[in-house]
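Take a look at the structures below.
The two complexes that follow have chain A in common; it is paired with chain B in the first and with chain C in the second.
What follows is the complex of A and B.
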């Protein structure tokens, strides 16, 4: 968007000013990215495909969370909302096809999100962090309560398929790519609508926004609904990918990873690229830690069971480093590169 | 009589919730930092006490454990200095979200470090059965476990000494000055950095004491960190986030609710006791967000 252009870059029409892709290069870059993602299944082993699917799933959740955090509505119940989406899908998947279960899971999570988000009218900033902490544990407990009679609390999801045809790895990959693309397209455009502007205003000072005519109840509820919907859809995708869900898949810690690593490290306010970068960070750190522990265990046997702890340390260090060195997140690095090439080769 | 026992148990357990809430409230009052890492500080305390008392420096198990607590607290002072210097100081003056996320990072590092060092196996303090015998302590008709005697004594000591420090000494006066207006305090010659460092030190020591009691009740695992956070937040909130006295009262009230209402409800819905603190948290947030003794923030454009 036009706001962060350096001096010397001139837009001559309103359409050019508002256009989503500022330069031909951006079309090329997006085209190349899509081409690589589409061709990847034929080149890379399945391990990488799984990693990309996980990045897509977490990316979608973080997109919704990013929108919410932009309005300074801090939420740490998003892992639980994903859980609600996943369980809704798991229970419905035996009867309904995926194109119905995924939106229904999203709507279910949206409803729960609005329910726990409504106190945000009365409570502000970090108080909301407390109430969503409570929400996370209460939802987790409810999920455990629902599945108390099922051994291991594990609910199986029917595999993805359409009218008797079972989807393989390839179909699932393309389907998830398509869903991610649609969700990313929508969230990118939400940032440009009155809703997106209202989010920024509420984030600055919500009572000031109210004086300017922003209906707080409406916009906060919408923000929680959208965010919940994204988390629900992501949880639904997760459920189809793993084939079974248990409440332990969505712990409190994951909520903090989503908010801390996903939103803050990725880049607050950068709905698409910030979210994707944050998601990449989560998955990459997880994989690297697992690899590291596998490699190091023969030399340091005490490391064996602590991949989980090592990962937490890495996350903590990354969050701390980003907060001190680059408070706007990784997306602002991207922006800096872009800024540099705006005036390349003759910058002032 | 069962009810009386529940009330006494609740109040006894509440003292340690109050200590955790004190750790939380202190950081918030002086530094305006919402310390999400409070549960992880409690966890670290439990493990450090386990490690130091495991050295077996003294024969007597009780003195051994107390010595462990003291050594752990000294270690905690070093960690407090590191926390303030390397994590918090670069962020002073930045947005509230940055400060919160930094405490989250601190919590992740502390929790991760304990898992890497000690694993996820359930541990108990050395000499657990001698120090905290399974037979309850009896006062007339009431029976309470020995752990709660520790809890009450420890809470009384730390809370009393803190209140004396905060209300009566020059140091406490400086602390209150910084909490009121850091810049004005700085112009009067108070070193804000030192005050913040000492505040983190007191918070760590309080959290470590809570770690001793929670570790003795539940055994030492990662769960302690969630239990700590789950009790510290509602207790601090009931009293109002910036009132140390309110923190103790909030802790007592929370303990009371958990051990009476929670136990009664548990008979009908098994397992609901685990989320009673969160329900209390939600209700307090909706009914009285600034707590009983908290400062009501007046917002102006």
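What follows is the complex of A and C.
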């Protein structure tokens, strides 16, 4: 049984052995990606920038959800947790600057997440799916109740800015990229710590983890807190982007999309790249299938108003095809590419 | 020698099936106590009661003078009881990943656990234990698909991460080759003689028990039927009857 590391890579410290990037080309690849993202606003229309911001926002939620799912804590309440973050931001944005509202929104969602995650000590998998489904509807109801006297339940968020200066699309774009990079670094770091590894063990053998000293209540609560914080931060960012939020922005189906497409199709256990790819799937496939239906509808007039249903069918076919071809998710595809270049020019 | 672990009149049943029927046992400090008996005699059930996996319906378990019968399993681990299973519980990850999990029992400070310093410290400890159980060449290999003998060593190293005083080893040599058994026996002896661990060893291999255990307790049908040195219990008529019948 050989090592899974590419040959010719010599590490002289444990810190180096656990570093995020193993070979020079990894630095080149990430440098190139950063360069493209930094220069993109000068080359691409605003539509694409908004798409990237959405990918970043949903990517952050999926990062936290990915960690939670890795511990086999299946949650379908994350849209609602984003809602908690978004409404917290909307209510606070008139008084507090964004660098306070975003973490406060994260903490608020983390607290709610822990509260609704506590039953996970007793219930697992499908049962947990049901209990978090209940949590989604309870939170939705609470958001509706809080906004019952506001026309359309729409709460306005103050424009993103600092000390009287209002951010434009460009500033918002760079700020969101920075936040996404920080959140990505943190989740990747957590995954490398013994705590992150304990999450994996809890997911696979929670009873054995307990016998070996892992306090399940504490660790499951931590997983829900981290995951909730990520959802809250993402919800806060979305709130600033939308300018106003309503409970309808955070429906139950979005929670399923985050879990099913974001985590599973993106790649369970791949906290950063799997989550980002999952988010790309949600945003891009939604857009592509909508365009496809728009193009096809004139050729199928007999479908009438039900033509829009085709979008879900196309969406499902694409997701199913990806999972059949890459059961480990899109992150697995990325790993194959990385592996190819790790071994280049002697790849097999 | 004083007792580090005492099992007093423990009863455990699953519906109508009696797994343990008033078992008493004392593990002395610094000894290797073998727990032997035919399949279904209650050995693993007793280990499960000691580590907190099962809650006995009656009786008590005393560890270092404290009654731990109602103590949660993770607290028992923190108190110094380390358990390895007959079938090692290895999760998907490398050998290093699997061993590093044990660090969360050693360092219970959450904020400290999240620092890079702790991660490197956990890695350094894991490397020391990888050296102890001689798994250097496997350190970055995916642990899940490794042979049974290697997986048992991984689990042993993971438990040793938090340096427990007492080890509960459930058939550590089952499914191993002769060479692997010899290696495992060497690790157990070193843990006992050099590191002073008290060890409760569930084992079917009586020659191994004879070689490394100080004392042996024999169980059959949920009760203790003999106790003494390995030589004494092997020649005990009750033990012969339990294994070979009338």
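The rule is simple: the second predicted complex is superposed on the first by the 306 of 348 C-alpha atoms of A that agree within 3 Å, B and C clash if a C-alpha of one lies under 4 Å from a C-alpha of the other, contacts with A are read in each partner's own complex, and residues count from 1 in each chain.
Here, contacts are C-beta pairs under 8 Å (C-beta built on N, C-alpha and C of every residue); 3 or more make two chains touch, one makes a residue touch a chain.
Predicted model only: the values in this text are computed from it and were never measured.
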item: Touched partner set for A:96, first chain B, second chain C, both or neither; value: neither
item: Which of chain B and chain C A:222 touches, first, second, both or neither; value: second
item: Touched partner set for A:18, first chain B, second chain C, both or neither; value: second
item: Chain A: partner with more touched residues, chain B or chain C; value: B
item: Touching partner for A:137 - first (chain B), second (chain C), both, neither; value: first
item: Partner chain(s) touched by A:37 [first = chain B, second = chain C, both, neither]; value: neither
item: Partner chain in contact with A:256 - chain B first, chain C second, else both or neither; value: first
item: Contacts of A:207 with chain B and chain C, given as first, second, both or neither; value: both
item: Touched partner set for A:193, first chain B, second chain C, both or neither; value: second
item: Overlap of chain C and chain B interfaces on chain A (superposed complexes); value: 205, 207-208, 211
item: Residue numbers on chain A that touch chain C, as the complex places them; value: 1-5, 14-15, 17-18, 189-190, 192-195, 197-198, 200-201, 203-205, 207-216, 218-219, 222, 269
item: Residue ranges of chain C touching chain A (in the complex, touch as defined); value: 51-53, 72-74, 77-78, 82-83, 85, 89, 91-94, 97-98, 100-105, 107, 110, 113-116, 118-120, 122-124, 127, 137-142, 146, 158-159, 162
item: Of chain B, residues touching chain A in the complex; value: 34, 36, 87, 90-91, 94, 96-98, 100-102, 104-109, 111-116, 119-120, 226, 229-230, 233, 237, 271-272, 274-275, 278-279, 281-282, 285-286, 289, 299, 301
item: Chain B-facing residues of chain A, complex; value: 69, 72, 74, 119, 122-123, 125-127, 129-131, 133-135, 137-138, 141, 144-145, 205, 207-208, 211, 252, 256, 259-260, 264, 268, 302-303, 305-306, 308-317, 319-320, 323-324, 327
